[in-house]
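Report on one structure; see the data block that follows.
As written, the chain order gives the labels A, B, C and D, with residue 1 at the start of each chain.
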Amino acid sequence: MTAQAPAPDATPGADMRLRHRLRVRWSEVDAQRIVFNGNYLSYFDVGITEYWRAIGLPYPEALSDAENDLFAVRSTVNYHAPAFFDDWLDICLRAARLGNSSMRFEFLILRGAERIASGEVVYVNAHPVERRARPLPERLRAAILRFEGREEIGALAGSVLTAD
Amino acid sequence: MTAQAPAPDATPGADMRLRHRLRVRWSEVDAQRIVFNGNYLSYFDVGITEYWRAIGLPYPEALSDAENDLFAVRSTVNYHAPAFFDDWLDICLRAARLGNSSMRFEFLILRGAERIASGEVVYVNAHPVERRARPLPERLRAAILRFEGREEIGALAGSVLTAD
Amino acid sequence: MTAQAPAPDATPGADMRLRHRLRVRWSEVDAQRIVFNGNYLSYFDVGITEYWRAIGLPYPEALSDAENDLFAVRSTVNYHAPAFFDDWLDICLRAARLGNSSMRFEFLILRGAERIASGEVVYVNAHPVERRARPLPERLRAAILRFEGREEIGALAGSVLTAD
Amino acid sequence: MTAQAPAPDATPGADMRLRHRLRVRWSEVDAQRIVFNGNYLSYFDVGITEYWRAIGLPYPEALSDAENDLFAVRSTVNYHAPAFFDDWLDICLRAARLGNSSMRFEFLILRGAERIASGEVVYVNAHPVERRARPLPERLRAAILRFEGREEIGALAGSVLTAD
């Protein structure tokens, strides 16, 4: 690699396909005057809601039926810097791996260019009652690949397998 | 009134039939270092859950079916003193009025003998989809009266009518 | 009253000076598939945050110091119709009464033109540690009257006195 | 390994030093009728609060001062089975690694003997304003080792280093 090569991460979040802005609420901040650590998973969840909408498959109507529903099976959050009341935050995310029945999404939360939090959530498609894993619906896989502008996700992302 | 007459409110909450204790969580406290005002409605809700259990009609299995469900139609909270992280709070409540399709519950939240918050919630029994009010199930009315040790609730409580 | 007189409430929320739009999050909806009743107070709180910003006195920096802070002393919510996941809601509010140390705000939550919830919150200005009521800062009173386009608030609103 | 060797995991949570029971609230359950994924971090937080109390160093008074405070730097949750409204859950935890300035705790959430969720949180001791990492206070380290009945934590736990 030569000096001309751009740093892969010059602009945080630039490699994330979806970006959604929200503002920290008073009820989300704790007595340390910073966003309570658990609330970042609510922010991630707002991000994934917008992702499903952006790919044309809004949850739950397009992704949940008598035989299929999506469930989180693992969440990780890394807290890089505290977020405060009234901060504008960008929730950035991308699909990082598509398995047979599960999907891994990577998240980045920014305040301007500053990394506040990062993490991932693995979702699995499963029968809503029996909770047994089922293959990802083909139209979901296709819509994600189209939105991400990729032909495949997983091998390229170099991610560790997580659920399949 | 003579000296023998007990003050009606000598022991706060003594006239409340149900009492449930909980401890303030870190995630419930805001940057003022006090319980966020909206969280008292979650505490009230914990109280009503215990009330249904205490009268032998646990929600939702005993109180929600294809034709009936309970919905809050009005909530009021008075904030008397702030509650802090780790405080033990007693959620006290009683049925204060039974109407045709609605019920009014009065709540008192205490820290020891100190009034932290008080208020009321009016619930209505309604069709879960059409949301049209329906008469309170007779066994619900009977169970409340039995639990409260009353033959009637409403006239005695001297409450303002709220929903029926 | 004559036919020319506009219906006072032809357009819900038209008489509310501030309007702020938000979208219902998955984490705010409960097992009835509707917004949990306590979460409307979080929505009201988002509204009051925007109100302070709109009048040029953002909380906490402009309204909280060593001698003054704002505390909720009473909240009321009326639930008119359920709100669902992903609904766009307009949080509308106005100052309805300015007392010596307290202020009453009226709230209306709309989905389009449909009333979802209404209510009020009374805030009191008090010493942050001793919690003793203190007069509303003059610049706060002035900023509210300017924003509401009124010379006085209280008598005109015909509200019941609540805290002073 | 011989038959006499106890299965390391015969009783889930048996190797966790602290166990705290709580009941799922209505407001914690989402429209899938299961506990919202982010709320497990609130449960973990309730667990760590009880842990500090159990070792004799209640937070914040014993663990937070002008130079020290604890901050989450990483959280992971694995969702094994859904928890429902009114479920009794046991929050089990143990210190799994003590570094120079950080600590890793492992969590297990059980419903009876059934694993509902597991995970870990890494906390770092840092200056409350500058957020620079500082060595764990010696009395904190000593209290944890005493409570866990260990002379050292980290090497024995075979954990991957996370923050120091």
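The rule is simple: a residue touches a chain if its C-beta (ideal position, glycine included) is under 8 Å from a C-beta of that chain, and two chains touch if they have at least 3 such contacts.
Here the structure is a predicted model, which means the values were calculated and not measured.
S.K.: Report which interface contains more C-beta contacts, comparing B-C against A-C.
M.R.: When A-C is set beside B-C, the one with more contacts is B-C.
S.K.: Expressed in ° and rounded to a multiple of 5, what is the rotation angle of the C-alpha superposition of chain C on chain D?
M.R.: 180
S.K.: Centre-to-centre on C-alpha atoms, which chain is most distant from chain C?
M.R.: D
S.K.: Counting only Cα atoms for the centres, state how far chain C is from chain D in Å.
M.R.: So the centroids are 39 Å from each other.
S.K.: With chain centres taken as the means of their Cα atoms, state the distance from chain A to chain C in Å.
M.R.: Here the centre of chain C sits 34 Å away from the centre of chain A.
S.K.: Quick one: report the Å distance separating chain B from chain C, using the average Cα coordinate of each chain.
M.R.: Taking the mean C-alpha position of each chain, the two centres sit 25 Å apart.
S.K.: Which residues belonging to chain D are in contact with no fewer than two other chains?
M.R.: Where chain D meets two or more other chains at a single residue, that happens at 26-27, 31, 36, 38, 42, 45, 60, 85.
S.K.: Can you list the residues on chain A that touch chain B in the complex?
M.R.: 26-27, 29-31, 33, 36, 38, 85
S.K.: Over in the complex, which chain D residues touch chain A? Could you list them?
M.R.: Where chain D meets chain A, its residues are 31-32, 36-42, 44-45, 60, 69, 71-79, 81-82, 121, 128, 131.
S.K.: Where on chain C does chain A make contact in their complex?
M.R.: 25-27, 42, 45-46, 49, 58, 60, 85-86
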